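Each structure below appears as structure tokens.
The following pair of complexes shares a single chain, chain A, combined with chain B in the former and chain C in the latter.
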Partner chain A sequence: MRGDKKANNLKGWLYLLPAMLFLGFFMVYPLVDVFVYSFEEGYNSASQTYFGVGLYNYSYVLHDPYFLQALKNTFILVVITVPLSTLLALLISVGLSSISKLKELYQTVYFLPYVTNTLAVGLVFMILFKRTAYTDGLANLVLAWFGRGPVDFIDGPYWAKMFVLCFYTVWVVMPFKVLILTSALASVDQTYYNAAKVDGTSPFRIFRKITLPMISPMIFYLVITGFIGAFKAYSDAVALFGTNLNAAEMNTIVGYVYDMLYGDSGGYPSYASAAAILLFAVVFTITLINLSISKKNVHY
Partner chain B sequence: MKVVLQHLTKKFPSRNRKVNDEVIAVNDFDFEIPDGKLIGLLGPSGCGKSTCLNLISGLLTPTSGRILFGDDDVTDLPPENRGVGLVFQNYALYPHLTVRQNIQFPLQNLKGADRPSREEMDRRALEAAKLVQIEGLMDRKPGEMSGGQQQRVAIARAVVKMPRVLLLDEPLSNLDARLRLQTREEIRRIQRETGITTVFVTHDQEEAMSISDMIVVMKDGVVHQIDQPQNVYDDPVDLFVAKFLGTPPINVFEGAVRGGRLYIGDEDVLDVPGADDRAVWVGIRPEGFVLKPDGRFTCGLDRVEVMGRDISVVCHHPAATADQIRAIISAENRAGATGQAVRFDLKPRKVHLFDRESEARVPFDGPRAPMDEVK
Partner chain C sequence: MSARQNELSRISRASRTRRAAVRTVTYILLTLWALMVLFPYYWMILSSVKSYSAYNGEYVPAFFTLSPTLENYREAFSAVPLARYFLNSLLFTIVTTGLMMAVIIPAAFAFARLEFRGRNLVFALFLALMMIPNELVIITNFQTITNAGLRNTYAGLILPSVTSVFYIYLLRENFAQIPDELYSAAKVDGTTDFKYLTRVMMPICRPTIITIVILKVIECWNSYVWPRLVTDDPAYFLVSNGIQEIRENGFGRENIPAMMAAVVVISLPLIALFLCFRKKVMAGVSRGGIKG
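After this line comes the complex of A and B, so read on.
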């Protein structure tokens, strides 16, 4: 019997082997490696040597103005776009589920950005917002109607650029959220609404007391993935402001990591690793906070 | 509060423009539900009983006709202004709220002067909970309760705002058999205690018969008969009603009336004075057979099933519409239920004749007073 059990165990591990090898090589090893890199001081990627082990990389990154800029940008982006996009998506999906005519058309329209290439969208946004020698761009045209002077949203003041980045991010992440929330709304049993209607519940109270709690797991899912996605933003900024994000003051943490590895000032995997570990720590903390908040407000 | 339906009709438009598949779910309902009574809407699936209930609740608006609560015309009122309590088949309790919050939900919707104080809400919620005997479970969530308990909470939520009319949509069909028996008694009791005019929908004839003051038998959007349960059973207006009520179901034969006598096959089985000559469907209730060695009606015997107090004589006859005829006989009178064939006499009160074409009841003179043949 004992032998049988042992053989069975061995067989089990054997079945797991391909997946374990794959995950080990491509997930666990790189993760551990990044962690190790982040503590190796003065690592030289050409000679694969380093001077010592310590916290110098972290100290360097935390004192690097470019990193602090990236950190600030990322936080602003997260704080503005996650609530805004979730709220807007909720409004749109509630609107979508309460109309019957042209519902499918609107759903398609709202979903289009999801299947559109990020860089192509970035290009279009650039045309909308960029000032050139020939035109001030569509956005400035609208501003001019209200008697406001032209603002360069792409190469101009910091807040103008941040506005475009947030606008763009919200626009890009919205379709997925709308999709998830419309299906969540559709899955709420109609009899709850009938019951509430018979009891004379006002539409606002129905929304707050029935609809919201019923779809709260989906909202929570969107908030968590929204936070994580926004913290990892990079391609959006590149699409709008080009690859030299540090010069544009529009870098993000992931952008900083990339620059440290491959950018013009690159070649520092240790700094990049330290920055990546810091990002991980931030995302991890935020997710933990989210989880603890959700315990009270999410109803499964 | 009596409820009056006046020529109430609900049509659902056809979905497909090419094919006219318009459905008349409720066709010209015109009857009155007396104050303080418990009424069962009974019919097979898809006969429009839930539609009728939803029309009374206001969740659906009728195509034509009026609905009156007492003397108030409520036809154009939205559900919240009608003062109805509705209990759904799947209870529709809000899963994220406790029992107390669920029961108080309708009260918290009230605004202005109608809105009770917090203490008043607590008091009324507790009162409603006591009525349905779940006052010990006030802080549970619906997910932590059994189906029967959830059903009680749903009823408490419906009665807490003191509705003028209580509507129950298939209230028992999600419960298991034992709980169903218990809960239907419970519904009867709650209705008696509150005196609220109650309409409930069911496809289970036994359920409807056992607790209703009056039942409305309907099929395909048309009301067939409205009467007290016993009268509907004893005096069905047509073949559908006769077949739909009663377990085991009524036995139906092809027959004919000739010169005041009823013939099934070649046998003249019963005197039916007053009935015109014509082809008929003959419905005989299982309890309408009396075993008799020289009986007028002969059937081929299949088997005898003993059920204690009664026996069930299963036999066959070429004129029967079903393969089996089932006769329920008191166990003491079982002599004669042996051999290849059995002979019966028929109790005239348990025999119903229906026109072969229209399936409407064909009356004949005989002992029909309700109690005269029970013993």
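After this line comes the complex of A and C, so read on.
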């Protein structure tokens, strides 16, 4: 019996072994290492040497104008796209739940961006918004209908570029939010609605007093994942503005990390690590704030 | 439902027309958003079948074309190694997904069914790892792969992309729902654990396994950041990197119709996969997908 137990122990670890090897190599070790990197001052990738240990890397990153630009861009992106996409998704999901004809067709169409390569569609958005010598582009054609002058949304003023980035981000994140909210709405117990109808409650009141509280955990889940996702924005910006995001003034925090690591401005894993840890600290703090707010407002 | 409807019959005619109006407005708004979603796809396809000279001759972009051409698709495959990017992505997706399944199925089985010392502790540690964002570990992984001389190799592309703690968790939860009696009965019959896993548990949990495969395939096909870091040789580019390369260097910057043809080709496989497994994909994503 004891031998049997020992064999079971061994077998359990044997089944786990591949997963543990992969996770150990590519997650646990890097997780420790990134903190080590971030404190090693003057680390040189080629010779793998460093001068000392301290907070210089953090100080460098926090004083780097490119990082501050990336921080500003990321915050603007988060503050605009998270509430906007969540509200829009709520509106669409409520509309979607109230119809029965063509519902599946709409659902299928709305989901398409989720399965499309963001780099690929980003290129289409770039073409729609870009102004070249040959054409003002479609976005400017629409602007012209309203008598507004041509704007280059891709290489032009800051607000125009930020507009396209936010617009594209909302377009990309909508499928997930609509899907989650539609299934949340479908799972609300119908008897609540029927009771309210018998009482002659107005639809708006039903929505506020029944629907919203019932799906509030899911809304909250979307807000949290939305914040996290938007803070980690990167490839959408690359798709629109190309790989040199610093030059385009459109870099994000994650973009800054990768630029420090690799490419023309790369070769500084220490700065990259410090920036990545700062990003993680920001995301962690925001998530904690979200959680404490939800305790007061979400009905489970 | 119909009893309730009778009670609702008191509602006046006026409010019935109001409901019809609300319904009409709902359909209009839903259609508007559907058009918003579909328009980039339409524009992508439209631009890809316009000839180069026609496209560049339009100062005001035309919303349709009367002389579609497939010339751009030939250009896309001949002027840049699009087929190569495509095959790389296919290989990357298949091998990564296959390896991942081979790693996570035994792990999920161990957590759900086998009893051994330290299981709960390790499982708790695994769950804690779910909170670690990829951005935090990618820096060291980049250094590891570079130092190992694995840049511009399939191994360098694939190995760090294999593991996913979340899918182990998802599968473990599903495995754990299978009643213990089945396991005891199999044990009495002398079935080995491995046989029990492959002959009983995996068939029962097939829907979850398919879901995980689909989610991983989507993730692999669209992955951009890691491949960009570890490849700078176009021979190893995946489709995302290929798109970026085409955008920055390929075709000459002005040949937008050819670019759009490439974009169509790259987007098609996943859209086809989605349309075939629509229900599975959507159910899978709502259970376990996170975008961002």
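Just so it is clear, the second predicted complex is superposed on the first by the 278 of 300 C-alpha atoms of A that agree within 3 Å, B and C clash if a C-alpha of one lies under 4 Å from a C-alpha of the other, contacts with A are read in each partner's own complex, and residues count from 1 in each chain.
We take it that contacts are C-beta pairs under 8 Å (C-beta built on N, C-alpha and C of every residue); 3 or more make two chains touch, one makes a residue touch a chain.
Since this is a predicted model, take the numbers as computed values, not measurements.
> Between chain B and chain C, which one contacts more residues of chain A in the superposed model?
If we count touched residues of chain A for both partners, the winner is C.
> Please indicate which partner A:Thr108 is in contact with in the superposed arrangement: first for chain B, second for chain C, both, or neither.
Second partner only.
> I'd like to know which partner A:Leu71 touches here: chain B for first, chain C for second, both or neither.
A:Leu71: touches no partner chain.
> Just chain B (first), just chain C (second), both, or neither: which does A:Ala139 touch?
In the superposition, A:Ala139 contacts neither chain B nor chain C.
> Which partner does A:Val151 reach: the first (chain B), the second (chain C), both, or neither?
neither
> Name the contact category of A:Val164: first (chain B only), second (chain C only), both, or neither.
A:Val164 sits against neither chain B nor chain C.
> Answer with first, second, both or neither: which of chain B and chain C does A:Asp199 touch in the superposed model?
In the superposed model, A:Asp199 contacts chain B only, not chain C.
> Check whether A:Met250 is in contact with chain B, with chain C, with both or with neither, and answer first, second, both or neither.
It touches nothing on chain B or chain C.
> Using the superposition on chain A as set up above, list the residues of chain A that contact both chain B and chain C.
The answer is residues 194, 197-198 of chain A.
> Can you check the complex and tell me which residues of chain A touch chain C?
8-13, 15-16, 18-20, 22-23, 25-31, 33-34, 37, 45, 91-92, 95-96, 98-99, 106-121, 123-128, 132, 134-138, 141, 171-176, 179-180, 183, 194, 197-198, 225-226, 228-230, 232-235, 238, 242-243, 254, 257-258, 261-262, 269, 272-273, 276-277, 279-280, 283
> State the interface residues of chain C toward chain A in the complex, per the touch definition above.
Spelled out, the residues of chain C in touch with chain A are 4, 7-8, 23, 26-27, 29-30, 33-34, 36-38, 40-41, 43-44, 47, 56, 58-61, 102-104, 106-107, 109-111, 114-117, 119, 122, 126, 129, 132-133, 135-144, 159-160, 162-163, 165, 168, 193, 218, 221-222, 224-225, 228-229, 239-240, 243-244, 247-248, 254, 256, 259-260, 263, 266-267, 270-271, 273-275, 278, 281-282, 285-286, 289-292.
> Which residues of chain A touch chain B once you look at their complex with the stated criterion?
189, 191-192, 194-202, 205, 209-210, 213-214, 299
> Going by the contact rule set out above, which residues of chain B touch chain A in the complex?
57-59, 78-81, 84-86, 88, 90, 92, 94-97, 105-106, 109-110, 157, 161
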